[in-house]
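In the two assemblies presented below, chain A is common to both, partnered first by chain B and then by chain C.
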Partner chain A sequence: MTGRNISWTRVDMPRRAFLKGATMLGMASVAGLSLPRAAFASGGTLKTRTYADIRSMDPAFSQGVVDEEIQAAIYNKLIQYKPGREWGWQPDAAAMIEQVDDTHINFALRDDIGFTNGFGAMTAEDVKFSFERIIDDALESTNKPDWGPLDHVKVTGERTGTIVLKNAFQPLWSITLPYIAGNIVSKAAFDSVGGKIDTQPVATSGPYLHAGWEPKQKTTLKRNPDWKGEPVAYDEIQIFHIDDEKAAEIAFEAGELDFTRVSLDSVERLKSSPIEGATLEEYPSLYYAWVGMNLDNPKLQNHKLRQAIQYAIDVPSIMAGAYFGAAEPSTGIIAPGLPGHREASLTGTSADLEKAQALMAESGETNVSLTIDVLNKSANVTAAQIIQANLAAIGIALEIRLHEGATFWELGSNEDLELVMNRFSMTPDPYYATSWFITEQAGIWNWERFRNEEFDKLHLAAQSESDQAKRAAMYARAQDLMEESGAYKFITHESTPVIYRNSVVPALRPDGLPLYRYFGAA
Partner chain B sequence: MTDITLPKPRSELGEIFHHLIRDPLGLAGLIIVTLIVASALFAPWIAPYDPIALNIPDRLQSPNPAHLMGSDQLGRDTFSRVIWGGRVALQVALPTIAGAIAVGLILGMIAGYGPKWLDSLIVLFFDTVRSFPTVMFALAVVALVGPSLNTVILVIMVTSIPTYGRVVRTLTQSLKEAEFITAEKSLGASTARIMGIHIVPNVLGPLAVLAAMDIPTVVGLEAGLSFLGMGVKPPTPSWGSLLNDGYNLIRNTPWLIVAGGIPLILTTLGFTFLGEALRDVVDPKLRGKGGK
Partner chain C sequence: MLSYILRRLGLSAAITVLAVALLFLIIHMIPGDPVSTILGPKASPELRAALEARMGLDRPLPVQIGLFFMNMLRGDLGLDVFSNRPVTQIVLGQVPYTLVLILVSILWSAVLGIALGCYSAVNRNSLGDRLTGVLSVSVIAVPAFVVSLYSLLIFAVKLQWFPAIGAGAPADWGDQLHHLVLPSLAIGLSWVGYIARLVRASMLEVMGEGHIRTARAFGLPERQITYGYALRLAILPTVTVIGVGMGFLLSAAVFTEIVFSRPGLGKLVIDSITTRNYPVVMGSVLVSTLIFVASTTLADIVNAILDPRIRAGK
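And then the complex of A and B:
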């Protein structure tokens, strides 16, 4: 598969060069040297699709990519993700942004961005309000962890300020500023409605306006006539809520959609019988799927038994049967291209039955019967059946328990949980991956109840480590610890196949997620 | 004087069978049902492969001499899974219907023969159970206790009890006013004797018809729950889970949908034909009109 590796262009730089680069990029923007963009046709409607309905248009309560795909188009951030095959960022509302030391980031806003509905020009006070409200305990923002050690934002002028951190925070440039928590909202607009909004924005500033939302149907964005930045390509973007990828594929083939993600099992078919006038592209995904084992469960106290399970699971079979060869086995929770990605896992990807059987014999366990809890999705159910067959080969009877989303996502607090097939979303910084497996998260998102002091220390230290090689080594070691516990068998990062009409020039993140504000028309 | 030789009278079952095979639809139903039941009973000998054995390199094959109905995404032989799926369908349908008839018979007779207050109480129970849409009730229970074959059987059985109970109640109410029952009472027959000797045999015929018509519904419900992942647990083959796999892979192969759909259609047709023919036989008024 081509183009599978991803890399984060900024974090690979030496720190000094990075600081210089950040400043230079900002200065270039000030000087009016906008980044090269393709000359797109303009006008018309882009019809696209999202897999879930929106939850909130408030960045403090946004629930992830579904909300962010819209927020990134209607709000501005200091910086935005740069479309392409490599992770990177580009200025948005920032005319200048500069990391002066580990804990201080100076910024200057462009002077041509204003909020809708008469809420005036964007100011540094709006930036301060937007960022500090997320860390305000009183607000109970679900996205507070994204802001890590933010202390405060110091306003130094109408459009200038300094972000002050309590300590160095490496994910700032990869998952804080260019993602959900980096969206800038209007202080005056939020004050006018009591400080909080739900699904209806009060004032926006981006190149598109939030023109309507029909629950469970679609969200409509319209060109913002007052937008002074780089012109956008479409008069209107219609984002339809279509949960089922198969249904989305049919809609695409019927001409009802211009862009959609397709299911992994369709890739082979779409490659052998391409749709006329459309292009299929595969992007590596950051998601990580794994089989977890609850370390607190009395049935899983035997370390040798857990290791036997790790060695018995044949990941290549899962890739072929459940993912139709469209995904690769993973080595951990950190995808290729991100700091800390391991080239190989400790237990390998192919099953080692001889070793698994030897470990079973060493464990002294006989007549073992276990359960695996699985979200009722085709790939998961198929994967679970392969795992069931794998474990049967070493004498373990595995019962598959299927769950709908509502019951599955409540399983974390279930102390009787045994094995679970799980899948988490991810952002382009390893900090986001290890966050869920620290001791504090046991029984919340750490369903394996994995508790390891060294892991917790590594997680804390790595978020501030500016030496990228050292930081990568820390995250690699953290994943070793997870695997050594016997509680994890890593399966895959999946992949993101997308299809789009040739009349569209898609602008996608390196993991295949859309950045609608940068979409063009051919 | 001429001797007249009377034909040897048939037994009641023989009479029913005789009428069934003379009715084309009844005969068709009987043949289909016999085939389905036989294939389920003899599944280990008929199915060419282990229905749960994985063979991933052979996945998603179209029908061929080695795999008559092709193979699924895990390389399992679809024909073998269809045959074994029939066993699951009957494992659900037969105990469910039998249990619902048994409980419905008892409650229906008590309601029809007992005092008014007890009748009202039992009818209230029937109405309460019936007020839940069966599928929604099944989904709720399965979501709470988890999917399994036993859960499916229990849920469908409970929701089917009122259907049989109400029929038995109505029949009992009309029978208890009949002259032969009044005569039995005047001779001092006990309630248990009246119910066991006189009422039960008279309600079993209509119940058998109802059961035959209900089996496809139960099979369909099991398939529906399995389609939604709420029925039998993987890797147990079921027609519903075949349909689910087929739905997910319909753009890759149509054969799984076909393989899951055909037995459901045949089961529905077979049991419906048989039920209708049985109804014609059991109801003397219809029998005289050729069942039409």
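And then the complex of A and C:
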């Protein structure tokens, strides 16, 4: 397995120096000093796969990676994620971008980006419109929280402006500007269709054009002939919507896909019997899976009992049985490479049966029977069965309750919940992880009803903390608090195995998600 | 005949209304909140309330059913909660894929099944009959998803004769037919065996009847007796089974559409149920019910045409 240790490249750099560097990098790019890049062949069709059909091409209403994978290729942002094994960003539509103080970010747009369908050049007014519409309550955008404390965007020239925040917001650089909410759309185009769109973009500006969408089948992107930026490798990208990973693997083996994510249980087979002319690579994921305990449930009031459960669960067994050895145990909710990732958890990863039994005895609890609610995916079910066996060793009878997706995700409001095997998605900033476990979220997404004043304060303070070392320490402490409560046993961040033909030079985020605009052909 | 058809159509309308109302209740009674699924984790309570109102979920269930039927009569099945596209447009866009898949599957399996059934009946207890019997029972026992997976591995991965995913280019009939081969094989294979056994049994029963003996006594050619008289009667239960079988084929299409990543009603229903996309679920269910009711009604009418005793109500 290669490159498992990812890190946010700018973490240790003082922010000013980092921003100066970023500004210069952006200017250099505009001046024609292109970024170092492999020499790609050009032309042809890239056939790839996404796990679901698109929902919206409007950045205000897109909800995740499926839409964003396409939007990142057809729209531009001020900055984009940088492909590679380490988290970072690079300028896109921004010729210059600089944080002048905690609440002001100046930017200048490149002068060679235009919108399709005759909607003209990209201007600072488009940037203002794109960002401010998301925080406008009247639009009811589901992505408003991504813009955090955005106050407004001040237009200072045709292609220059300032993003004005109400207070400092560090995630802006990691999950706002380079992700969904950072896509820049054409104000004139949106005005022409009443202010919002659904699955059909009105005007785009990226290196690829949205050439077609066949519902439940595929999305086709075509090379934008008017694109003046770094040339792209493919004439056409066909993105097939294939829900089932096994079906995608078969399609890859049949030669109908050039790139796809594969299932964890196929990794061993693909390693031992490699597909000719293809490469398998494993990327660490940002997802986090854990076992949660409802602190409001009368059966789980005993702190020693919860601790006994924490020490009884054997995470390496779960990695071997449920994740086929293709994932690593986690130490918290923040993955390696992000600020606040802990090198070790407080309760360890391997079971400590002696300690668990001692804690059980101290708790004074006997004949304990509990339930664990689980999403009916094979990895979760197997993990729950292993946990059942682990807890049986300390005298706890565990009943497994399986749920289909929509039912499972409703369990948060169930006050009778006892144990739950849970898994949340994640974006590359620790702020996104801690935001679900604050007191305000109890009974909503904080299913454990974990309420801790210090945790809430840390979450609030860390999002504005500009000293990255201090910020990391705050998030590490926040995870300590979670674990000390006895309500959490962290399991894994999973992994993202991908396979691609050797004729393709994939450009992936450090968590293995594709950035199609940067894909190359060998 | 006309009164029979009208009676049958009236019954079909009643079945449709009842089935859709029942499914509406079931879908709304299962746990799972569509608003959470649609808006995602970041939605504010105000946003949730607004969407609930927009979807009509804040109204009593009987009112929701009533509104659904009123809108349905106007041809309005609502809007997809994710993309805001009309549900009618979404569902009708998927129907051709499923219909073509089912019709092609039933067509080739009926042609082959009837031929094998006739052959077995005419050559009763021969080696060919026994071989056909063994093969028929074997393929009946194999579920569609197993055929799907093995046909994919053999014909798509190993031999690369047929494509593994998709439905083909929209304007290219040849490509679409090419993409239909493996999915229709998966759905139709067990029906070949089923129809062959059914036709054989019916043929043997009919061949033993008085009018066939009389025809033989008159010296009519065996070919004319078999295909002109016996098969015409023996085919009746097969027509009924094919009509009812459309429902089973719709279920089989769900698996097949997922395994072959084909668009279609089955995939649409599964996707919309898992996301609690109520308008699309109801639209898909309504159309699936209509297809099923229409096919059974059509089978009844064909039976009535073929057998005068049925239209006489005997």
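Operating definition for what follows: the second predicted complex is superposed on the first by the 521 of 522 C-alpha atoms of A that agree within 3 Å, B and C clash if a C-alpha of one lies under 4 Å from a C-alpha of the other, contacts with A are read in each partner's own complex, and residues count from 1 in each chain.
In the analysis below, a residue touches a chain if its C-beta (ideal position, glycine included) is under 8 Å from a C-beta of that chain, and two chains touch if they have at least 3 such contacts.
As the structure is a computational prediction, the values presented were derived from the model and not from experiment.
For the composite obtained by superposing both complexes on chain A, the positions of chain B and chain C are free of clash and fit together.
Touch criterion met: A:Val381 reaches chain B, while chain C stays clear of it.
By the touch criterion defined above, A:Ala254 lies against chain C but remains apart from chain B after alignment on the C-alpha atoms of chain A.
Superposing both complexes on chain A places the Cα centres of chain B and chain C at an angle of 30° as seen from the Cα centre of chain A, in steps of 10.
With both structures placed on the common chain, the touch criterion links A:Arg55 to chain C but leaves chain B unconnected.
Partner contacting the larger number of chain A residues, of chain B and chain C: C.
Once the two complexes are laid over each other on the shared chain, residue contacts for A:Glu214 go to chain C alone; chain B is not touched. In the superposed model, A:Ser503 makes contact with neither chain B nor chain C. Contact with chain B, but none with chain C, is seen for A:Asp265 once the two complexes are overlaid on the shared chain.
Contacts of A:Ile242 after superposition on the shared chain: chain C is touched, whereas chain B is not.
By the document's definition of touching, neither partner reaches A:Thr160: not chain B, not chain C.
Of the two partner chains, chain B is the only one touched by A:Ser317; chain C is not.
Of all Cα pairs spanning chain B and chain C in the superposition, the closest are 5 Å apart. In the superposition on chain A, the residues of chain A contacted by chain B and by chain C overlap at 404, 406-407. The part of chain A that touches chain B in the complex is made up of residues 246, 249, 265-266, 268-269, 317, 320-322, 324, 376, 378, 381-382, 384-386, 388-389, 399-402, 404, 406-407. Interface residues of chain A, counted against chain C in their complex, comprise 52-53, 55-56, 63-64, 140, 142-146, 198-199, 214-218, 240-244, 247-248, 250-251, 253-257, 404-407, 409-410, 436, 445. By the touch criterion stated above, chain C contacts chain A in their complex at residues 30-34, 36-37, 39-44, 47, 50, 82-85, 90, 93-94, 152-153, 156-157, 160, 163-167, 170, 258-264, 267-268, 271, 273-276. Of all residues in chain B, only 52, 54, 56, 59, 73-75, 143, 146-147, 228-230, 233-235, 244-245, 247-252 touch chain A in the complex they form.
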